[in-house]
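Consider the two complexes below, in which chain A is the common component and chain B and chain C are the respective partners.
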Partner chain A sequence: MLGEGILKGLAETAKNFAGSFVSAERMTTVQYPEERIAPVEAARVFPFLVYDGADWEAGMRCVACQICEKECPPKCIYIEKSKDKKPDALGKPQFYPAKFDIDVSVCMSCQICVEVCPFEAIKMDNEFELATDDRFGGLLQDRKQLAKSNEYYHTIHPTEAAEVDARLAAEKTKAAADAAAKAARPPAQAATPAPAQKPAGGGE
Partner chain B sequence: MSALESSSAIKTEKLEGWNRPPVIEPDGEGELMEVAMGPHHPSTHGVFRMDLALDGERVIRLKPVFGYLHRNHEKLGEGQSYLASMPFTDRLDYICSLTNNWAYALAVEKLIGQAVPERAEYLRVILGELTRVQNHASSIGFLIQEMGASGTPLMYAFREREKILDLFEGLTGSRMMCNYMRFGGCRVDASAAWLDAVRKVVAGLPGFVDEFERFLTSNEILMARCQGVGILRPELAVNAGVTGPMLRASGVNYDIRKVDHYGIYDRFKFRVPLGDHWDVYDRYMIRILEMRESIGIVEQALKDIPGGPVMDQKAKIRGLRPKPGEAYGRIEAPKGELGFYLQSDGSPNPYRYRVRPPSLINLTILEDMCLGQNVADVVLIFGSVDIVLGEVDR
Partner chain C sequence: MFETADQIFVLLKHWLVGLLPMALQPVAGVVVSVAAIVCFFPALFALTTVFERKGLGRIQNRIGPNRTGPFGILQPVADGIKSLTKEDIVPLSADGAVHFLAPLVLVVTVFMGFAVLPMGRNMVLADMDAGLLFYFAIGASTELSVFMAGWSSRNKYSLMGAMRAVAQMISYEVALLLSSVAVVMISGSLSLTKIVEAQNHYSYGLPHWYIFTPWGLAGFVMYAIATTAETNRSPFDLPEGESELVAGYHTEYSGFKFALFFLGEYLAMFSISGLGTTLFLGGWSAPFSFLTWVPSWFWFFSKLMMSIFVFIWLRGTLPRLRQDQLMNFAWKFVLPMCLLNLLVAGLWRFMGDGWLRWVICSAILVAAYVGLGWEEMRRMHIGARSYRYAE
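And then the complex of A and B:
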């Protein structure tokens, strides 16, 4: 019969229309911004810099090695290395970023900076409402705006953050053991360079 | 409609004159009208222009004009490291970023002789086939939309695509720009919970395809508009280098998963659907059948996915310096043969980086399919090619 196919299709639509009133599965949309779906754990939007402790400037893990700046595909990271050094989490004096800017309008959320960072210093945020009314300065985030605490990292990516913490703790105990071994050795041998100078993570 | 696994013998008696586009003579009454369709025509999936010469409603000439979305992809690839090109491949065919990742990873792996662990191969197959399902669903939705069914079939397709994109987001962190595969495996491992979520979605997909077919396949309007329209003869398709569902709808049995044996496709049982009318309706039907085959492949892969690492322990991600040489990696992307050609001169950046995009090459025969047809059918034929302008212009 001519028109049978059309009627079958219309019946399908009617079924879906009626179903959307009774079955939650048929009602697939969410009324943003009143209703929100929580971002998934793997969600990645824009990078931030992790710091330990309470003071963002003292606890910043970044040592301004500039690997992320070099590897960033759209080249949206700008780093200036400091002249002096400050002690890092292991107590070793390290450079720190005097300037660390990321341009929101250029970043393409690819996560390559996170993958190449050997110091677990840069991670991905899941905050996606980054709109601003200032399209120049407002879109360029400096190191103070980028700095977020390790606790915050734990709230957005709990599994990943726990793994990172375990890795860093293992390195810390290893470094402490190395230092103890070095101190225990006679002073004549202590002059030889210690082998455990590789950066954490072994990303290179 | 379409015979499964029929022979690929090309009917040679139709050969004469295939290489000359048919000359359509105006009927002599009135003048030809030249129309620029696009670049802002809603049916063009982006920015694409067709310069048409019309005699009344009939198309006498059609000249495709590309390049409005040119983003310098290949030259960018030559100016940066191998790893840094990976996120840019997501942006070629932005509907199927994971298959783009796969093709590029395959090319680099060939270049440096990198092995891929078993589990990563399975994950690639699962993700690649899910990508095919969501691409075909949305491309059929767009095709019907261009026919004038404003929205409804497309919304059905997008409802299903949404579920698959949620899976991608759960694993890779991004819905469309996945940036997931690496040289020597995949970036992160899939959890058991994620695999269960895939099983749940895949269990619902055959029902969706059935619903979609009840909704469309026997619809008289769709048949009247599609059957016998935009015929692409197999000889022309082969000579023009057309690949993917377009070629198979023209009855040529060529699927790179079967002929190139890349990845672990030899382990799965699936059939290659072929068309025998070579028209728009066959292209629609081939996509429906390919969705069903892809669902079967994902089910098989989920059944025997092994444990183990997803990344080769010796794989080097940063600071890759391949020995001088060249490699071409190709896969059966949802739209056709997607290939990456890389030439290394020993430096950290590729010396030559070339993409063989299925969309561009499938689009080159648009004029041959459209000559003598009505203007309304041009939109339909164009939709049945299934292109993404990000990949055409790069």
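And then the complex of A and C:
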């Protein structure tokens, strides 16, 4: 009959209206600045650079290969490669980023930089309160602001970080095994780079 | 004691006016009454906006505004300050004078409607013999202001909104008038105070409000539909359908002029609800005879606020109609029902007392409602929506 649907609708909204005063489950609003809900583990907002150990500059995993800079769709990453080299986690001398800037306002949180990084050096943070009163400098984060420890990575994405650590450890043991194999073979052929690599691989 | 509480505003006015010299008293009396209306209803408007937002929030299981002041009660103050301090932009190609006048015309004409509403026993600014006629004559001018706003803005959205508004308001004005005419036929008067008096009787403790008769109920439903359309409230808010027309006829208004449109819209809602209360819900009379000691103005305003609540409830429930649905509904359903209702009201008047007129009048109206409703819905395809794509 005409008007039936209207009455049904009115009953539904009346139920909502009255129910919202009675049942707490109906009111899903979280009053944000005062109340917060813990972010889900897979949440991703903005990239950060992982470092191992206590010193962010020494422990930075990034080797300034610039793959992320090239792959970044909105081109928000700017990297300047260092002139000198520093030993990486495996002890191998590597370049490091002399400059690593990401623009918060340009980044679109796509995670492509994370996907392409071969060194597990860039990961996604779940920190979302990135607002600043400085439109230009404040929104451009340099490598010091971007550097965050591996422990921090473990606190925000425990599962993923454990996987990454396992993978890195496997690589390390493989590198050590390779080095050991190389060290066992020197009588056959004395290659020039071998002495440089051997102490580094075994020094760990 | 009860007498004093009932007449408190009237006595207050007499005391205030009595302070002035004799020659000024007639003018002062009018000024005091007008000032009371002009102060009270905008205050009610401010309260209504926040309650509407909170109520709509609750309907959608949200909290609604709760940041300004305790429970967000100061929200209208913040809104007022915002709209007062905003830049008042007039489009370069707009007709300046008409653009400026449109919101004023709206608010002024809407305020004039309050003059004839009896808001309590002896509480009416101008007790005209043809109060209802005056009300509708004034009420029709709101259409003018809407069209002025839409035309003078020289914006296609404004103009389309105004065209829709005028088409809608004229269509539903007919239904509004015809549903009220039934009341005039029965009470035999165009004076709103007399219409209230006619309903202010009780038998077995229950009032003789017109809504409790078959023709009154049908008339009230038609009146409610027509008022919703007349005040451009959802589901009839096509003139300002924001998903289609930006904001309709007030697209080009900003700052306080926009606030005036908003105010005018809500004031129109109050005044038309007040008229509906007067015509069908017994105006200021109490709902039970043992409650007659409660001040009459209390009843008027409670009924008014109840109507406002229903408006908000409807807004929270129904989606917007399409233009053709709106027009079909007005001319093919509401108008025939109103005309039939006039006939039924005549029958009711001439059949005398007794149960027979209840049965016959109700039967005619129910049969017409079901029949017309069936005819209306026959051509509609209710069910899963089907899509046709271009090949």
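Just so it is clear, the second predicted complex is superposed on the first by the 181 of 204 C-alpha atoms of A that agree within 3 Å, B and C clash if a C-alpha of one lies under 4 Å from a C-alpha of the other, contacts with A are read in each partner's own complex, and residues count from 1 in each chain.
The definition used in the following text is that a residue touches a chain if its C-beta (ideal position, glycine included) is under 8 Å from a C-beta of that chain, and two chains touch if they have at least 3 such contacts.
Since the structure is predicted, the reported quantities are computational estimates derived from the model, not experimental observations.
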After the match on chain A, would you call chain B and chain C a fit or a clash?
-> clash
Would you sort A:Lys172 into first (chain B), second (chain C), both or neither based on which partner it touches?
-> neither
Touching A:Ala43 in the superposition: chain B (first), chain C (second), both, neither?
-> first
A:Ser20 contacts which: chain B (first), chain C (second), both, neither?
-> second
Between chain B (first) and chain C (second), which does A:Leu2 come into contact with in this model arrangement: first, second, both, or neither?
-> both
Could you look at A:Ser109 and tell me whether it touches chain B, chain C, both or neither (first, second, both, neither)?
-> first
Based on the superposed arrangement, let me know which partner A:His154 touches: chain B (first), chain C (second), both, or neither?
-> neither
Check the residue A:Pro73 against both partner chains and state whether it touches chain B (first), chain C (second), both, or neither.
-> first
Dominant toucher of chain A (residue count), chain B or chain C = B
Given the superposition on chain A, at which of 182-190, 272-280, 344-352 or 380-388 does chain C overlap chain B?
-> 380-388
Hey, what residues of chain A end up touching chain B and chain C alike?
-> 2-3, 6, 9, 12-13, 16, 28
Name, in rising order, each residue of chain B that touches chain A in their complex.
-> 80-81, 83-88, 90, 152, 156, 159, 162, 169-174, 177, 179, 187-188, 211, 214-223, 317-319
Chain A-touching residues of chain C, taken from the complex the two chains share = 55, 58-63, 313-314, 316-318, 333, 369-370, 372-374, 376-377
Over in the complex, which chain A residues touch chain C? Could you list them?
-> 1-3, 6, 9-10, 12-14, 16-17, 19-21, 26-29, 31
Chain B-facing residues of chain A, complex | 2-6, 8-9, 12-13, 16, 28, 40, 42-44, 67, 71-73, 108-112, 115-116, 124, 203-204
